[in-house]
Amino acid sequence: MKKIILGWLLILLYAGNLNAQRVKGSETVLPITQKAAENFIKSHPRTNVTVTGGGSGVGISSLMSGTTDIAQTSRRIKFDERKKIKFAGNNLREVEVAFDALAIVVHPSNKVSQLTREQLSGIFTGKIKNWKEVGGEDLKIIPYSRETSSGTYEFFKESVLKHKNFMSGIMSMPANGAVIQSVSQTRGAIAYVGLAYLSDKVKPLAVSYDSGKTFVKPSVESAKNKSYPIVRPLYYYYLSKDEAKVKNFIDYLLSPTGQKIVEETGYVPVS
Amino acid sequence: MNQKFKQKAAFFLFRLFSFFIVGILISILGFIVINGISVISWEFLTESPTDGMTSGGIFPAIVGTFYLVIGSLIFAVPLGVMSAIYTTEYAGNGFIVRFIRMMTNNLASVPSIVFGLFGMALFVNKLEFGDSILAGSLTLGLLTLPLIIRTSEEALKAVPDSYRSGSLALGASKLQTIRKVVLPSALPNILTGVILSIGRVSGETAPILFTVAAYFLPNLPQSIFDQAMALPYHLYVLATSGTDLEASRPMAYGTALVLIAIVLIFNLMATFMRQRLNKKFKQN
Amino acid sequence: MAQKNLLGKITEKLTESLLTLSGALTTIAILFITIFLFKEGFGLFKSPAIEDGYGLYVHPENPVNQLHPLDVKNMYDEEIINWNELGGANQEIMVFRIDDVFDYYTDEDLGENYSLLPEKLGYIISDHKNIIAYVPEEFAPSVTQGSKKVKVHNTTLSDFFLGKEWLPTATPSPLFGALPLILGTLLVSLIAIVLALPLGLGVAVYLSELADERMRKFLKPVIELLAGIPSVVYGFFGLVVVAPLVQKAFNLPVGETAFTGGLILAIMALPTIISVAEDAIRNTPTAMREASLALGATQWQTIYKVVIPYAGSGISAAAVLGIGRAVGETMAVLMITGNAAVIPSTIFEPVRTIPATIAAELGEAPSGGQHFQSLFLLGCILFLISMIISIVSEMISKKKTYKSL
């Protein structure tokens, strides 16, 4: 009995010398990284890729505290985050691994099909409260948001709300999947999700960034040709000192095989 | 007449409540078993998740939970039993013992998320263990320490004093008495406490959120400094993340079933052990 | 022979000191937790409520010298639009963020490594008397370059405990108003207790007074099983089954509400309440029961006029412990209450509790930053509540023991 325990302990304490790397962060990028890791391991057996979500903020925060090798994010790193890393004596490297379109979704029964950026801003900051104010039925608008750790949250705030704050009391869902679930169950709901999360349980809206002159629906094509206005890059951040560790996996993701995985998962490849 | 009616009504209501409780348990268990049983297969239990978590298995999560449970016991059992030995055999009944007991009760009522917060601050950040099985085990060990202490204390107290005085009369020292007489007698009950805590630790999510849990680990953790997947965290992410929640739902049910099965098996084991042991003592 | 004894004696002493040390273990743990939580948490009040490394700058002629974080947020949200609302001149506020500098200058204009940035910012600020600029301190124009730094107040105790808005990542000024979280936690726990106490008490009475041996043997494991179900499983059940049910039954826009959370928490708190209350009821001396029955009372009258009042302290202890269980619950609440940081006006609205906030936000708060500290402060609140509950329930039970003598 003692020998078995000792044996297990030795196995546990043995610090594996496999090429191991940790990727942490964005819930939006999570499906890409997870699929890529799955396939990467198949073709590179002596490697290990640990994938964790939590939100872009979690990724960057972990990069700063050294508990991850790659931070996957759906927003650009902020100035003071960049500064903290520099102050710690490290050099930051940024890689664009994919593009994503932010889709605005509502309940399938909602009559509204298009909204301008100004209307979206009014809705999510709480100024527009009823669907009839934007051409729908007399129904209370229920906006859903992501948690503050989400890069999707930050990007939406920057691009659509132009840095204004979401209305206090908005509902925060932990991940894109949960948002879809809630919107599909709530008639008055409106939310923002990554393009890859669209399903027929929700209805995407066409968006106009030029005050109503042109409205574009979100799709991989409209994201590729940038006609859809709410498009953003998805990033991998790492420290230059970890370059050797992470290079293989990142190169894999940027290779044609990797980019095909990006497309299959519902995102827009970088090329 | 009126009183009799009131009594009948009240008692009927209470009987109803009790059946209601049974109903709640049946619906929760039924919900999980009915939806989860079709997912369970040998592959489910021994493979890694594939296809973006919509198929495959949950083997890494089972292994991760196993590691975390063992890890937490390594910390909590020796220290907890020793602490119980101190308070029951050495410390008498004065202010110090009462203070220690109060502190143990306090620790027992601390919410699990506070353990997670503390664990992250101390083990992950300050001591720089990072997100690791080590940090997770230490945090979970701290969480389950009061339970081990309490059950060990009860186990030690249940050993009749006559055993102790008999041993001392034969010339053994206090330590020898404890080692060779008291502990062995108390061991079955201590074991019951350990089994109970296995059930508890397997199901905890909050303490491992920021100390060890990973969303996806293609290979098993190789060292105690690696992250690990775990059943409760896996259930949480399957229920709320991933591109295709509908497709992951069956996996979620399966995970819930495995988790509940583990927790219930250990809880029932502990309950039956306790009942059998009590019978034995009564007979003596 | 003497040597063996000496070695034996040393080992004994060592072992005994080890044992003594282990005894102190839980006390040490509580001490450490307290120190860590409070040290980190109270650090929040020591720094100005503006994003680390950034500053707010205005034109030197602007009379405004200091601002409250709430004002800063309202300025940048365009809720306050004129300087005279803050004690300044009657002019419209012009809001400026560092990225806006590219509306005025190109990348080349700013020089290598942005060395000319402070100078250019100085120009922009001096050109606009009504500007408020949110820029990194590293690139901020100095006083000579034509600007004045505005002091932002620290978050104060009342800001934290009475503030109504929880916006920990707002820029420039995060707001740490924990009132919605505190009220959310209390509301959900209250609902849980209101539902669980009568139910639990009823079951406890049934178990101790009415049930026969067979029922008791059947019910006890059932209750223990309920107690053993992990929080995340309850959350899953609540998310998939209870929330849609509540939504349909009460015709609500959303199923994730305080009521739903309270419902699930009630189920989770039931085992605690039932076992503690049952213990208390059983410990009522048979003499009292028999006396009451001898006087002609029915069993029910005996129960509610004699037994329950006698077991009152034990039942209160049960309620208190149940509240404690409900307050500290994390995963179940995180998954089913909608997590909206708003002061609830009805029980059918989403709320955000303290444990759920910590669980949702801890991962992304950079170590040592203000957000991180605020979450520790929330942890302090939880820790204090659980300590108080533990001590109160012990005091209540002790009172009872003296009473019975």
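Order of writing sets the chain letters: A, B and C. Residues in each chain are counted from 1.
The criterion applied here is as follows: a residue touches a chain if its C-beta (ideal position, glycine included) is under 8 Å from a C-beta of that chain, and two chains touch if they have at least 3 such contacts.
Note that this is a predicted model, so its numbers are computed, not measured.
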Contact-graph separation of subunit A and subunit B, given in steps at minimum:
1
Can you name the chain whose C-alpha mean lies closest to the mean of all the C-alpha atoms?
C
For this structure, I'd like the pair of chains sharing the most C-beta contacts.
B-C
If we define chain centres by averaging CA atoms, which chain lands farthest from subunit B? Would you check?
A
Distance between subunit A and subunit B based on Cα centroids, please, to the nearest Å.
35
Between the Cα centroids of subunit A and subunit C the separation in whole angstrom comes to 27
What's the distance between the Cα centroids of subunit B and subunit C, rounded to whole Å?
24
At which residue positions does subunit A touch at least two other chains?
62, 65, 173-174
Taking each residue of subunit C in turn, which ones touch at least two of the other chains?
363, 367
Junction residues of subunit B - those touching two or more other chains
125, 240
In the complex formed with subunit A, which residues of subunit B make contact?
50, 52-53, 67, 70, 124-125, 128, 130-131, 133, 213-219, 222-227, 237, 240-246, 248
In the complex, subunit B touches subunit C at residues 3-4, 6-7, 10-11, 13-15, 17-18, 20-22, 24-25, 27-29, 31-32, 79-80, 82-83, 85-87, 90-91, 99-100, 102-114, 116-118, 120-122, 125, 142, 145-146, 149, 173-175, 199-200, 202-206, 209-210, 232-233, 235-236, 239-240, 252, 256, 259-260, 263-264, 267-268, 271
The subunit A residues in contact with subunit B across the complex are 8, 12-16, 18, 20, 22, 27, 30-31, 34-35, 37-38, 41, 48-53, 62, 65-67, 173-178, 180-181, 196-197, 199, 201, 265-266
Going by the contact rule set out above, which residues of subunit A touch subunit C in the complex?
54-58, 60-62, 64-65, 79-81, 83-84, 125, 140, 142, 147-149, 154, 163-165, 168-174, 182, 185-188
In their complex, what parts of subunit C are in touch with subunit B?
8, 12, 15-16, 18-20, 22-27, 29-30, 32-33, 36-37, 40, 199, 202-203, 205-207, 210-211, 215, 219, 221-226, 228-237, 239-241, 267, 270, 298-301, 303-304, 321, 324, 327-331, 335, 355, 358-359, 362-363, 367, 375-376, 379, 382-383, 386-387, 389-391, 394
